[in-house]
Each structure stands twice: as C-alpha cells, then as structure tokens.
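These are the structures, in structure tokens.
The two complexes that follow have chain A in common; it is paired with chain B in the first and with chain C in the second.
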Partner chain A sequence: MNADQLLVKIEGIVIQGRSDEQWLPIINSVDLHLHRGEVLGLIGESGAGKSTLGLAAMGFARDGCRIASGTVEFDGIDLIAADAKVRRSLLGSRIAYVAQSAAASFNPAHKIINQHTEAPVQHGLSSRSESEKDAIELYRRLRLPNPDEIGFRYPHQVSGGQLQRAMTAMAMSCRPDLIIFDEPTTALDVTTQIEVLAAIRDIVKQFNTAAIYITHDLAVVAQMADRIKVLLKGDEVEESDTDSMLKDPREDYTKSLWAVRSFTREEKALASEEDMPVVRVRNVTAAYGKIPVLYDVSFDIHASRTVAVVGESGSGKSTVARCITGLLKPSEGAIEFNGIPLPADYRQRNVEQLKQAQMIYQMADTALNPRKRIREIIGRPVEFYLGLRGRKKDERVSELLDQIELDPNKFIDRLPSELSGGQKQRIGIARALAADPKFIICDEVTSALDQLVAEGILKLLARLQDSLGLAYMFITHDLATVRAISDEVVVMKNGRVVEAGGKTEMFTPPHHEYTSLLLSSVPEMDPNWLTELLQQRGVDNIGDAAIDRMDRT
Partner chain B sequence: MKAVLLIILNRLALGVVTLFVVSVLIFAAVNLLPGDFAQAILGQGATEEAVAAIREDLGLNKNPVARYTDWLGGILKGDFGVSFAQANFSSFAGEDASKGGIGSVASQLEPRFKNTLFLAGVSAMIAVPLSLLLGIMAALYRNSVFDRFVNISTLSSISSPEFFLAYVLILFLAVLNPILPSLSNIYAEMTFGDRLHKTLLPALTLTLVVMAHMMRMTRAAIINLLASPYIEMARLKGIKPARVIIFHALPNALAPIINVIALNLAYLVTGVVVVEVVFVYPGIGQLFVDSVKIRDIPVVQACCLVFAAAYILLNLTADIFSILSNPRLRHPK
Partner chain C sequence: MDTVAWFLLWVVAIGITGWAFRFAGQKIQWPSDRLNMYFRDMPLMVGIGFMFGLVLLYVVFHYYFIDQSTFFRWAVQGFVIFTVASWLFLTLGKYVGTQATRKIFRQMPLTAAFGILTIIIYAILSIFAGVIAPYGQEEIFEKINVLPGGDPSLGGDPRFPLGTDQLGRDLLSRLIYGGQNTVGIAFITTILAFLIGSSFGFLAATLGGWFDQAVSRIVDALMAIPQLIFALLLLTIATAWAGSNKELITIYMIVIIAVLDSTRVFRLARAVGFNIVVMDYIEAAKLRGENLSYLIFREILPNAYAPLLAEFGLRFCFVFLTIAALSFLGIGIQPPLADWGTMVRDLAQFINFAQFSPHTAALPLMAAGAIALLTVAVNFVVDWMLHKSSGLKD
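Now for the complex of A and B:
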C-alpha cells in the first residue's frame, strides 16, 4: 500500500444543528484531507466545531445535528451515501474513536476487557479469547500497571489516566486505519496527561495508524500532530504542517491564539515577616466525616498579593477554601483574619467577618441563578453586606458593573442565559466585589474558559487587585496561569503543603521532587518537548509511575 | 459485599418498623368504622342486653389499647384471631375456634391467599416478560409506527376500568369464541392444568391493567440513557442497535424498571378486588369485601395486614435488586 495514499477526503462539508425549530450552521463548507499514517491536529476554541468535524469523518452526526451537504470519503467509500449497515461495518473495525472522558465513555455495567473484545468479536474479526490475549498485549504496550489483570476490573475501579489508556487500547482492538481522538487528555491532571500523550503517540506510530487529534491545547497538539488545522466558529482559518504553523502562523486569529500565553505580571517583593497577613491559615487539619483530607496546612496571604494554590485533583486545594469560608470546620488549627481568629463555622461569623471571605467559582454557569436578573444577582450581596437599598443599591450595582468593564445600561436587566461565558464570569467577580472584601478566593476561575477569554479575566483581576488592594487566593491546576499572575505559590499534594515560596523561586530549580514533576509535565509549544522530556526522565518516570515511586521513598 | 449486606439488613429492619406502624394505622382505621358487628348481626330490633352480651363475648367492650396489644401479641405467635362471622358457626358445630379450627381467621385466609398468589403469579408470568420485551422494542424503534401503536394500546388499556376490560375479554374469548371459561370458580382438588385454564381470563385482564406502566418505564429508562457517552461509544464501535440497547443500555436502566415491576406486582396482590368479583374468583379480595360488609373486624384487619406486608416485601425486594444492579456497589474499589 502506498504511504501517500489518501485515506479520508472530506469536501465542502456543511453540518447543521437544530436549535429553536431551525437549523443553524455548525460547520460551513470545510475540506479535510488525511493520508495513511498521518496525524492531523484540529484546534479551536469551544464552539469551533472541532468534535463535530471529527465525528463527521466517521460519517456520524450527533442527535440534533445533520450533515447537510458535502462528501465524506473513507478509503474510497462514500460514508454519507453508504447505508447504515456498511457504515457500521467500518466503525470500530477500520475507524475508531477515543472520547474525551473515558470515565463516562466506558459502560459502568461491564468489565473493561469485555468492552474491549466487543468490537473484534461483533465484527467477526477474531475470537473472544484471541482478542483478550491481544488486549493484554496492548495494555502492556501502553504501560498500564498489571496488564494481565487490569482489564478484568470494572471502569470505576480504575483511575482516570489508566482508563484513558485502556480506551486507546480499545480503539486499537481491530487495528483500525484511522482513530479520532476527541480531546483525550482534557479531563486529566497534567502529570497524568503526559503519560497518556506518550502512550498515544507511541502506539499510533507503532501501528502506523492515521489519526485526527482534536484539542484546544496548542502545546499538546504540537507534540502529537504532523499537520495542524485551525477552526473558528465552523470555518477553517488555516492549515499547515506543525513546524511552520508554530513558527510562522499566517492569520491574525492564529497569531492571537499563539500569543495568549504571553500575559505575565511582575512579581511583587516578598512580604516582610512583620507585616500582618490578611489571611493566615494556621496548622489546619480537616476531614470529610472520617476521611482525612488536610494535614497541618499553613500559609499566609498578604494584601495586594496573589497566592496560587496548585495541585492535582484530590490534593485538597478546594478543601482549604472551604475551611477559610467556614463551610468545613477544621478538626485542628484556625483561620485568622488580620491576626484575629475567625469562628470555624460560618454560621457563627458576623456580617463583617462573612464579608471578608468571598468566592468566585469555576463554573459561572451554575454559580449564577438562571432566573434572576443581573440587578438582583449583584444587588443581593450589596443589600446584605452594605445595607444599601433602593436607588443607592442600583447606583452601587452600576458602579460594580463599570468596574468589571460591562456597560450597566446594557447589562443590568439581563438574565445569565443572555451572557457569554466570559461575561458570566465577570458577573461572578462583581458579585464577590459587592461585599467590598479585602480577600477573594478564586477557585479555578479560568479553567472552563477559552484561552483568549481567560486572559481577559486574568487582566481584569490584576487591575482590580492594583486599584482595590485585594488579596487573592488563586486555586488552579494550570501552571501557565500561575506563572502569569501569582506572587507566591503553594504546592499541595495529598492534603499536605509540599512546597511554598515566591513565584520566581518556585519556577527555578532545585525543586521539591513533586514540584519538579508537576512543572516538567506542563506541555510546551516546542514540538520536540515530549520526545526530549521522555529521554530526560525515562518512560517510567512520568505520571502515576513517578508519583508511585515518590510515595514509596 | 459487606457493604451491600449491611444495606440489605438496614432495609429489612426498616421494613419491620414500617409494618409495625402500618399495623397501628390499620387497627385505628378499622375501629373508626361506623357501626359494629354486634349491631350488624342482631339487626334493628335488638335489645340492649343482647348487643351487650355479644360484645362481651367477642371482647369488643375492652379498651382499644388492650385490644390492640392482644391482637398484635396473637399475630406474633401466628394467631390472627377468630372470625366473628365464623365464630357463631363453629360454636354451633361444637368446635373451639381459637384452636385454629374453621373459625380462625388464618384458616379462612390461607386458601384465599394462595389463590390470589396463584392468580398474581400467572399474571406476572405473562405481563412482566411481555412488557419488558415491548418496552425494549419500543425503545429500539422509538417514534416509529410500532412504538406509537404499543404506547396507545397500553395507555388505553390502563385508562379503561378493569371490569370493562374483563367484560370485553369475556365477550371475545368466552362468548363469541368459547375458548376460556368466564367463571373462575377454582377449588383445592383441581389439577394444575384445570386451575390454569380457569385462571387465564382474569390473569389476561390483570395483564392488560399492569402492562402499560412497566412497558413505558422500560422504554423511558432506556431512552433516557441513549444520550450517554458510553452509548455513543458503543454506536461508534459499530455495534448493532439491538445489541446497543440490550447489552449497553438495559443493564444500566434496571433500577427504575425493577421498582416499577415491584409496584405492579404488589398491585396484582392487593388491587385485584374488582377482577375477582367479576370472575367470581375465590381470592383474598373477595374475602376482604365480604368481611367489610358484615363488619368482621378480625378478618378485615388480617387482610389489610397481608396487603401491607405484600407491598413492603415487594418494595424491599425491589430495593435490594436495584442496589445489586449497581456495579459500583457489587464491586467496590
């Protein structure tokens, strides 16, 4: 077979989605060509139509979507004209799919290996026992722990990163010609992401499989793809091979995507020992019921400073925030505000004390009451904390809207559903500001947002800090954000503070072992980054394996 | 497994508590009924003395709390008391009713209850598999002509009164085409085959009554899951639609389906009064209605308690099965 042979040919495809009784375009006439053994990266922000286009390459449209016109050819077969039976015989056997969340995409009712062998057995490609043997071999190649045994567990018994690799193995079960990877690492922690990336890249190369790799993370796509296609709101922006795309993007939109990570803030000098911190977390130990989550956590947050609390899911970052706000009572230790201990339970705090711990949440969507107008959403804390009513209250709300750069006349009477994601998050900020606090907890405030929008939010937070002297506790797992805005960094792992200090100090070696693993796991734009890192650390010293090794010593 | 066992024991204990509360409610409610047995059998011309004598005889003049504890104490020993109506008859026949003779509530209840269970069993054997099958097919061919037909026909059968369905079935299966008998007068000496033959018509009526609920829940529970990522994954693996539904959706839809099945099985035991009357089927429902008519309080109370126990037991079983259908509980980390 010729290596240059065209495998997928999509031409002039238009995909529409149904909304409010009419068909709206999701993809406007896009072409896509993919050769055998080639990896194409599809990138764009949310709503760009990446996943829709990826699924269209399988001849598939989700419920509520339809392929309105255009052609999809796979190895010379017209997937749109083909009847359902023909399409079904190709899916799974020659075209496979790896979904974003392996935890949701594995059927909870069946063992992993039974789901693995389903496609080969149902397509009549191999017997169950052959396929089982092959599954174990694939698990071994993907470096899953206990490859002989892991497949016989149920999905909920296996960690997220391992499940994602098991899903990649499942996609390989019929040795397909093409795999669609739909954001396979977005839901994972950085240290886990890297082992999945290494495994995917490895196995795709070993079997010379063509792939479409969908992601919103440029640094990830740089490691994985031979060519990159950029999408914006259903239109193709540009396409070229990875090297030239990174070095020399042609279109303004692409350049702006590349430039997002450039926002940084000067680090302020470390606070002196004598300065009274705004918030002091002192030797806090806490548990959910009988399960301990925090062990002896201490750190200070000073006025006009941002302390970034970093760590992976389950490290206890958000639990610290719950202790500070009084939602969770620590079993030992205390939270001090301006040197005075706060009551541990928020119900025992007075209004003045409650004012001081305001939160901005990750999902602005769910943190705003969908049935209340902006006037009420921001007005309520204004009334509760400051006791303002009537015209004074409205004036204060308008003032707050001005501060978050939204025109009060236009926005004050809107419902949350009439706002974009970034605007909703701004309303979340205004609501926190309404109490006139000295200290705000930002819990992953940018992780649900696209990069350009997230940058706008970070800039706004920085400006507010400078003008109002706010202290921030910034909870995040994204080290790029930490680098952009923090003054001090607290690294947490398994409920303990592993390392703490000024930003520059934290980002220069030597690090604590875990910090160094965390830092080295963040993908960089250099396409050779992953290769070099694997050479440096060794394949068995990344991700879960590295953490296990650390825990043992 | 230990966690599951603990949950089951917990549920069982709750079931016992519920049954106790229900027994209090039943006793209170039955005693609030207007009129009493003594007046009912003696008629309007009864003298004060005669009524008082019968009351004395049956223990009706004791205070309610003492009567309740007597009753409950008896039940715990397996003695449901003496039927008022039969007590007369048995004393006439020279028997001591309280020793479990023909006058005891238990001896009256037992054959009737067995008959009702037989009818419920036959109906369930037809209705449960049929409604599961139709539900699965309706989910598979959703929004098709088949789906609409099944939905409309089961809905119209559940919306019609039971006696109407019974008469329609009698008309078509007993009168116009004499295949099945329209009277279901079964007795203990019958062979199993005869018994089944006589029971079939009421069982079919009950099937029509309970099917809609179970079938529609099966359909809805499956369709509810069709948007989940693992169903999309199965489709993208090229799995046939029927296999997607049965192998991937159904195991995860079991919990709500089991609950609805249990609810309907309980209805088959407790809600059969009308159907039993229409077909003159000697079940517990008929006994219940007759006893209420003549204020035979011990029998009414016993029937109520049996109904309550059936409800609680079936819902308990449903709870346990839906817990067991969750792999997270069966296979902890």
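Now for the complex of A and C:
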C-alpha cells in the first residue's frame, strides 16, 4: 500500500443547516485531503463547523443539515452518491468515529466488550470469540488496567478516561482506514487526558490509520496531528504542517489563537499576617451522608486577591465551595467572613451575609433561567439586595451590563438562549456583581468556553477585581488558567489540601509529587512535548496510573 | 376458513404488486434524479405501502359511489369539509396578523389548524349559546321524535334542522347549550385540578423530605382506587348530602373530579419539578435567599409551562369524558340542563334503527360526535404543542 495514496478527498463541500425556516450555511466550500496513515487536526472555535466537516468525511450530515454541493470521496468511492448498502458496508468497518463523550456514547445496558464485538461480527470480519481476543489485545496496547477483565464490565463501572480508551479500541476493532476523533479528551481532566492522548497516538501509528482529529485545544492538536487545518465560521483559514503552523502562522486569526495562552497577571505581594482575610476556611471536614469528602481543609482568601483551588474531578474542590455558600453543612470546622463565623446552613444566614458571597457557575446554560430576560436575571438581585425599583433598577442593570462589556440597549431584553456561550457567562458575572459582593466563587467558569472567549472572561474578571477590590476563589483544573489569573494556589487531592502557597512558588520546583504530576500533564505548544514527557516519566507514570502508584506508597 | 384464505390471498397479492411496483420504478429511467434516487433507496415495505394505499382508495371509492352507504358518505363529506376549512384557516393565518402570529401559522401542521379551528368554533358556540341557539334548552314543543335533515317526506321539520327528542325539545339548541354546560364545567374542573395538583407537585419537588413522602403516599392511595368507581362512590354520598339542590350536586361533582384528577397532575408536576430544582439557577436563587413562593412561581413554573400545558389538554379530555360518562350514568349534570352525556343516553336506543333509517340512528350520534370531535381536536393541538416544546429543548 502506497503511503502517499489519497484516502479522503472532499472538494468544495457546502453544508447547510435549517434554522428559522431557511437554510443557512455551516460550511462554505471547504476542501479536505487526507492521505493514508496521516493525522489531520481540525481546530476552531465552537460553531466553526469542525464536527460538521468531520462527519461529512463519512458522507453524513446531522439531522437538520444537508450537504448542498461538493463531493466526498473515500478511497475512490463517492460517498454522497453511494446508496445505503455501500455506505453501511463502509461505516464501522473502514471508517470509524470516536465521540466526545464516551460515557454518553456507550450503551449503558451492555458490557463494553459486547459492544466492541458488534461491528466485526456484523460486518462478517471475524467471529465473536476471535473479536473478543482481539479486543483484549487492543485493551492491552492501549494500556488499560486489567485488559483481560475490563471489557466484561458495564460502562458505568469504568472511569471516563478508561472509557474513552475503550471507545478508541472499539473504533479500531475492524482495523479501519480512517478514524474521526471528535474532541475525545475535552471532557477529561489534564492528568487523564494525557493518558488518552498517548494511547490514541500510539495505536494510530501502530496500525498506520488515517485520522481526523477535531479539537479546540491547540496544544493537544500539536501533539497529535501531522497537518493542521484552521476553520473559522465555516471557512478554511489556513492549512499547513504542524511544525510550520506552530512556528509561522500566516493569518491574523491563527496568530490570535496562538497568542491566547500568553495572558498572565503579575502575582500580588503576599498579604500580611495581620490583615483580616475576607473569607477564612477553618479546619473544615465534611461528608455527603456517611461518605467523607473533605478532611481538615483550611485556607484564607484576602481582599483583591485570587485563590485558585486546583485538583482533579472528585478531589473536593467544588465541595469546599458548597461549604462556603452553606449548601453543605461541615461536620467540623467553620467558615469565617471578615472574622465573624457564618451560620453553617444558608437558610440561617441573613440577607447581608448572603449578599457578600456570590457564585459564578461552570455551565452558564443551567445557571441562567432560560425563561427569563436579562433585565430580570440581573434586576432581581439588584431589587432583592439593594432595594432598588423602577427606573433606578433599570439604570443599575444598564450600568452592570456596561461593566461586563455588553451593550445594554441591545442585550437587556434578550433571553439567555439568544446569547453566545461567552455572553451567557458574562451575564452570570453580572448577576454576581449585582449583589455588590466582597467575595465571588468562580466554579470552573472558563472550562466550557473556547480559548479566545475564555481569555476575554479572565481579562474581565481581572479588571473587575482591580476596580472593585473583589476576592475570588477560583475553582479549576486547568493550570493555564491558574497561571493566568491567580495569586495563590491551593492544590487538593482526595479531599485534602496537598500543597498551598503563592503562584510563583507553586510553579517552581520542588513540588509535592501530585503537584508535579498536574503541572507536567498540561499540554504545551511544542509538538515534541508528549514524546519528551513520555521519555522522561515513562509510559506507566502518567495519568491515573501515576496517581495509583502515589496512593500505594 | 374462507375469510382467512381470502385475507392471505390479499396479503400475498399486495406484497407481490408492491415488489413489482418498486422493481418497475427502479427499471424505468425517470427524467429527474431525485425520483431515480428515491426508487433506488426505497425499502420494500414502502412499495407495499403504496399498493395498500391504492387498495384502500378503491375501497373508499366503492363504498362512496357504488354502495352509497349513508354514514360512510357523511364521514367522507365531513372529513373533506373540515380539511378544506382548516386549510383555509391556515392560509388565512399565514397572511393575516402580526409577524409573530404569521410565523406560528407557517410552522403549524394542518392537524393543529383543524384542532384550533374546532376549539374556536366550540368556544364561540358555548359562550354565545343564548344568542345562537334558536330555542331554549328546556323548551318543549308539541312535535316529538322529529328526524334530522328537515325533509318533511322523511319525517323532518324545517323548524328543527337536527330534529327533536322524545320530549319534543329542539336538539340543535340542546347541543349548543350542552356545549356550554359540559365544556364549561370540564374547563373549570380541569383548572381546579391543575391548581391543586401542580402547587402540591412543585411544593413536593422543592421541599422534598417528609412533605414529599406524605403527599406522595396520599396520592398513591388515591390513585390505587379505580377512578370512575371512586368518583361514583363519592358522588353517591354527595348526592345524599345535597338532597334536592341540583346546583350543589354540580359543585360537588366538580370538586370530586378535580381532586381525583389532580393526583395525575401532581405526579407530572413533581417529576418535572424535580428536573428543574437541580438546575444551577434554582441554587442561585436559593442562595440569594428567595422565599418558597418566588422559587415556585417565578423560577420553576415558567420552565414547566410546556409539559403542563400539554397535560392540560389531555387532562381536559379525560375530565370531559368522565363528566359525560357520569351524566350518562345519571349522576352527573342533572336534567333539565342539556348535556352531551345525558343526550347520548336518552337517545341511545335509536341506534338500533341504523339499518332501516340512518336518519333515526343519527340522533344519538350527534352528541357523541360532538364529544369525539372536541377530543380529537384538543389532542391534535396538544400533539403540536408537545412537538414544539420538545423541539425547543435541544
């Protein structure tokens, strides 16, 4: 088989989506060429049409979309003109798809291995028992723990990162020529992500499979792809080899994408010992029912400062926030506000106490009532806490909208569904500001957003902190965000504070073992980063495997 | 045995012609590419479906023109008239009105237009019954058992286009007044059921804990007893209490049906409420210090409108049918007030004459048809709303 042979040829494809009684373009005449054994990275913001283009490579358009013109050829077969029978014989056996959320894509009612063997048996490529043997071999190659046994579990009995690798194994089950990876690591923690990345890269190389890798994370795509194609609102911006793309981006838009990670703030001088912290978490121990979640957690947050709480999912970061807001009663310890202990239950706090601590949520979609207009969403806390009504209330709402850089005349009467993700998050910030608080908890506020948009939110938060003297508690698992905005860092693992201190101190060695794992797992823009890291740490000393090892010692 | 053989023969015949239809379609070179693609990708069942449709069309033609079956002709005529009327209504809506209403009409299927048109007609007839109805609902004339149609040679009278009942009351007037009574009472009952059911449901979802447990178990107990039998039992007791006061019986009936139906509404409101209270915006409102009524009416309720509205339509039909059923059994709406359930019962025996005199048999069918038409119309509208609200969610 010639390595340079063209596998996928998409030319002049136009895809339209039906919205509000008319067809709107999603992809405007984009070409895509992919050779055998090559990995193409597709990047862009959400809504750029990455996934739509990825699916088009399978000759498929989502419900409500249509391929209006253009051609899709897979190994010389015209996929758009091909009838259902031909396509069915290709999909699953020669073209495979790995979705973003493995947890949502596996059928929870069947064991993993039974779902794995379905495609090869259906396509008549191998018998059930052969396919099972092959599955176990693939699990081993993807370095899943207990490869002989893990396939016989149900999807809910396996962690997210492992499930994503099992899904990659499933895509490999027929040894396809092409796999489409649609943001396979976006929903994972950094420490888990790195394991999945290493596994995917390895297996794609081993079997010389061509792949289209869709993501919005540049550092990730730099590790995975041979070539990168940048999309913006359905148009191709540029395409070139990974190396030249990283070193020398031609278009302004690409450059702006590259520059995102450069936003940082100077660390402020440590607060003196005598200063009264705005919020003091004192020896908090808490449990959900009988299951303990937090053990003796203590830290202070001072005015005008940002404390980043870092850790993987399940480490108890969000539980600390629930204790501070009073949603969860700590079994021991207390939360002090300006030196005065707060009642443990939010129902016993008075309006003045509730007003001081506000919260910004991760998912702006669920944090804003979809049936209320912006005027009411922001106006309600203004009315409730400050007692403003009528004209004065409207003026205050307009003022707040100005502060978050949205035009009041344009946005005040919109519904949340009429806003973009970044705008929704800004409304969430405005709602917190409306209470005129001293302290704001930001719970993963940027993790659901694209990098450019996230940067805008971080800049806004930094500006607001400087002008209003707010104290932030910043819950995140993204160390790039920590580096950008925080003054102090608290690292949590299994409900305990592992390490705490100033930002500069935290980012210079020596670290606690876990901190160093976290730090080293953040992908960098260097395309050789993953290779070097694997050489340094060894393939079995990354991600969950490394954490397991830590727990044992 | 003979029928089974015939049936099998028909199945095989339709199957073979269906296959042949598809085969022919694939062999012929159609002028348009779309048509070529369509036949190439056609599953066999679709081809068979086309042939089955053809057979069905012939059956309709046969009964309408050759057999000239009276009821079948009425049904086909009614179907055509209603389709044309709803199409006109839909077209009217597309070109008249504000931008927003025109958009709604453009996206509306014909079934929903039919439903809305029918409901509007029912509402107008019920509200203005006193003006529209030619006679009073209790007015008795000397002519009894006049047949519908107004043709004197068939036993009709032009003064009573739909005929009179055994006591000599004009059926058209009673149908119109019956709408006022039956639909009006059903509407009040449904609203009451929703007030009770949804407020308890949302309270249970918001408060949780022992309140939820207590209310849910009571509802379980109420739901465990078959509804119609329970309603009959309670109404018998209520009738004994009310004595000869007929208005009091109606009020008792409204309350009893409302309470029994509110258990179903409670279940739905509680389930919907539980999905909403876990949202972050509810947490944000709780942390703001909002009280219970703000949480329920301003935060939860607006997000539960779609499923509740859909349930309202269905529940309305059930309540309406329950009232008709109770009236049919003689303990619902009391005579001489006109009501569709009672009208069906009073005229029921005439259905036996269907073979000899279709016009006589039509007497009880008019009230029954009024019930059926409204039920179908409401369900069409509800289907459309459900479709719209589920479309909004993604």
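Here is the rule we go by: the second predicted complex is superposed on the first by the 553 of 553 C-alpha atoms of A that agree within 3 Å, B and C clash if a C-alpha of one lies under 4 Å from a C-alpha of the other, contacts with A are read in each partner's own complex, and residues count from 1 in each chain.
In this text, a contact is a pair of C-beta atoms (placed from the backbone, for glycine too) under 8 Å apart; a residue touches a chain by one contact, two chains touch by 3 or more.
Because the structure is a prediction, the values reported are computed rather than measured.
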{"item": "Which superposed partner A:107 touches (first chain B, second chain C, both, neither)", "value": "first"}
{"item": "First, second, both or neither for A:372, with chain B first and chain C second", "value": "second"}
{"item": "First (chain B), second (chain C), both or neither touched by A:346", "value": "second"}
{"item": "Which superposed partner A:175 touches (first chain B, second chain C, both, neither)", "value": "neither"}
{"item": "Touched partner set for A:21, first chain B, second chain C, both or neither", "value": "second"}
{"item": "Partner chain(s) touched by A:496 [first = chain B, second = chain C, both, neither]", "value": "neither"}
{"item": "Shared chain A surface residues [contacts with chain B and with chain C]", "value": "none"}
{"item": "Parts of chain A lying in touch with chain B, wherever the complex brings them together", "value": "58, 60, 62-63, 87-93, 96-97, 99, 101, 104-110, 118-119, 122-123, 153-154, 156-157"}
{"item": "Partner chain A, residues of chain C touching it in the complex", "value": "40-41, 103, 106-107, 279-281, 283-284, 286-290, 299, 302-303, 305"}
{"item": "Of chain A, residues touching chain C in the complex", "value": "21, 83-84, 325-327, 346, 349, 351, 354, 359, 361, 363, 366-372, 380-381, 384-385, 431, 435"}
{"item": "Contact set on chain B toward chain A in their complex", "value": "227-230, 232-240, 243, 247-248, 251-252, 327-328, 331, 333"}
